[in-house]
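Here come two complexes built around subunit A, the first alongside subunit B, the second alongside subunit C.
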Partner chain A sequence: MAPEVLPKPQMRGLLARRLRFHMVTGFVLSLGVAALYKVGVADKRKKAYADFYRNYDAMKDFEEMRKAGIFQSVK
Partner chain B sequence: MLPKAAWSLVLGKGGRGRRGMHSSEGTARGGGKTPRYTNCYAQRHYPMPEEPFCTELNAEQQALKEKEKGSWTLLTHAEKVALYRLQFNETFAEMNRRSNEWKTVMGYVFFFFGFAALVIWWQRVYMFPPKPITLTDEWKAKQLQRMLDMKVNPVQGLASRWDYEKKQWKK
Partner chain C sequence: MAHPVQLSLQDATSPVMEELITFHDHAFMAMSLISFLVLYALLSTLTTKLTNTSITDAQEMETIWTILPAIILILIALPSLRILYLTDEVNDPSFTIKSIGHQWYWTYEYTDYGGLIFNSYMLPPLFLNPGDLRLLEVDNRVVLPIEAPVRMMITSQDVLHSWTIPTLGLKTDAVPGRLNQTVFTATRPGVYYGQCSEICGANHSFMPIVAELIPLKIFEMGPVLTL
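Presenting the complex of A and B:
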């Protein structure tokens, strides 16, 4: 249109390029999110539970609750 | 803003009729002359309107239209541009131009947020009844103490954040 000639734009393979980009990106992002979740949430939670129950004394816990007066069956 | 296709359905009965949908020029516009609403303006979601932009052509433009019926390689650049301008009111670049409308919209939105906040504040002061007993601060404090005594969620939740020796929240 204008006096200078613009470079010819990409005419073919547009959908294929878009699909490839989005599939690769989606795959990488999904794997990344899954890995982060496993480390940041799942493993952290498992560790928290393991640490809590390693030295857990149920009777001591019960005695504390009883002294606080929350039970109706024992005082 | 109704989509173009819906408009052309709605207006389909007047003026052009269904058969007019595929004719490029409105030359045989028999009978009623409907005002041209939107069917001559191209939009981003409807880039090929039914009607050309200019329908009243002076002699020079008519001659150009006759020349267009021949081989297009004979048209000069200026003539091609003139033909484009006859058919379309704006180029793609012009029709897709940005605007500053979003600033106005956001301004109105925030203004009405503020207005609503003032209204709710007035309501809180002059209108609302007293809180239910379970929402008063004393009750909520006693409720929280009871939850800590019961050791609610001791692994990762509420009771895990409370230091039972020092009787305060963990840092």
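Presenting the complex of A and C:
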């Protein structure tokens, strides 16, 4: 009976294959981290400032602060 | 002022500070991209038994890891230069105030429409009222208008000091024998704090700056004498 012949395993280029895979994955993931930061922090902060100033009334804010007594120059 | 254990920048009270915060977010994003990439590369190197001890002539890799950092640096430098020139813009200030650093207090001179000059000393802890901020309150605050460009001329009578208000994005050295100029436009009224930012002796930590920003039409009505 002829012995069963297993397929020859991959014996070369293992590190190169691993490096290729992980370099691509690393780049993609780090771009993802940067995109997450941009969307979740940077753009959110810009929107928060835009929303704050859209209907901001400086005089009304000032009057509230004045009534709270925080100013020395105006009572 | 900052809240306890605050690590981030204070909320902006001027358009320039908003731009500075946006730039900080941009640079932080680039930094987290690089840090994550390096951390990932480190972990993937540490978690394999595969090695190659005879790597030579990796020309393509060397090209990539020279060009890519150069591109990243350019992408950081361009907004940086933009904001550098933005902070130097002087757009016809309505008002000029002089701030003179001494050991260890500030003198403010309002000489545009009269001769108001006063000193601003830190309030010692024993003189504080309930709710006051320790080591940040002063006896006479510098009162400034909002929504109008204000020019601050900063100098020193003795040693180096630095006039700082983080929320306005201001930090200007007070150099003896030199007049430094900084211009800002505030967008919100309120009371904003800063501290001397150049080592100037024993009480360097005890000469704070407090700016009271009030609407322009209230400011124009003239000072309420609290001196």
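Here is the rule we use: the second predicted complex is superposed on the first by the 65 of 75 C-alpha atoms of A that agree within 3 Å, B and C clash if a C-alpha of one lies under 4 Å from a C-alpha of the other, contacts with A are read in each partner's own complex, and residues count from 1 in each chain.
Everything that follows uses one rule, which is that contacts are C-beta pairs under 8 Å (C-beta built on N, C-alpha and C of every residue); 3 or more make two chains touch, one makes a residue touch a chain.
In this text, all values refer to a predicted model and were calculated from it rather than measured experimentally.
Asks: A:46 in the overlay: touching subunit B, subunit C, both, or neither? Say first, second, both or neither.
Replies: second
Asks: What is the contact status of A:59 with respect to subunit B (first) and subunit C (second): first, second, both, or neither?
Replies: second
Asks: Report for A:38: first if it touches subunit B alone, second if subunit C alone, otherwise both or neither.
Replies: In the superposition, A:38 contacts subunit C only.
Asks: Output check: A:14 vs subunit B and subunit C. Expected answer is one of first, second, both, neither. What do you get?
Replies: second
Asks: With both structures fitted on chain A, tell me whether subunit B or subunit C touches more of subunit A's residues.
Replies: If we count touched residues of subunit A for both partners, the winner is C.
Asks: Per the contact definition in the header, classify A:68: touching subunit B only (first), subunit C only (second), both, or neither.
Replies: first
Asks: Does subunit B (first) or subunit C (second) touch A:29, or do both, or does neither?
Replies: A:29 sits against subunit C, while subunit B stays out of touch.
Asks: Counting contacts the way the document defines them, which residues of subunit A are shared by the two interfaces, the one with subunit B and the one with subunit C?
Replies: 45, 49, 61, 65, 70
Asks: Subunit B touches which residues of subunit A in the complex?
Replies: Interface residues on the subunit A side: 1, 45, 48-49, 52, 61, 64-65, 68-70.
Asks: Across the complex, what residues on subunit C touch subunit A?
Replies: The touching residues are 12, 18, 21-22, 25-26, 28-30, 32-34, 36-37, 40-41, 44, 48, 50-52, 140-141, 143, 146-147, 187-191, 212, 214-215, 218, 223-224, 226.
Asks: For subunit A, which residues are in contact with subunit C within the complex?
Replies: Checking each residue of subunit A against subunit C gives 14-15, 18, 22-23, 25-27, 29-31, 33-34, 37-38, 41-42, 45-46, 49, 53, 56, 58-59, 61-62, 65, 70-75.
Asks: Note which residues of subunit B are touching subunit A in the complex, please.
Replies: These residues of subunit B touch subunit A: 77, 81, 146, 149-151, 154-156, 160, 164.
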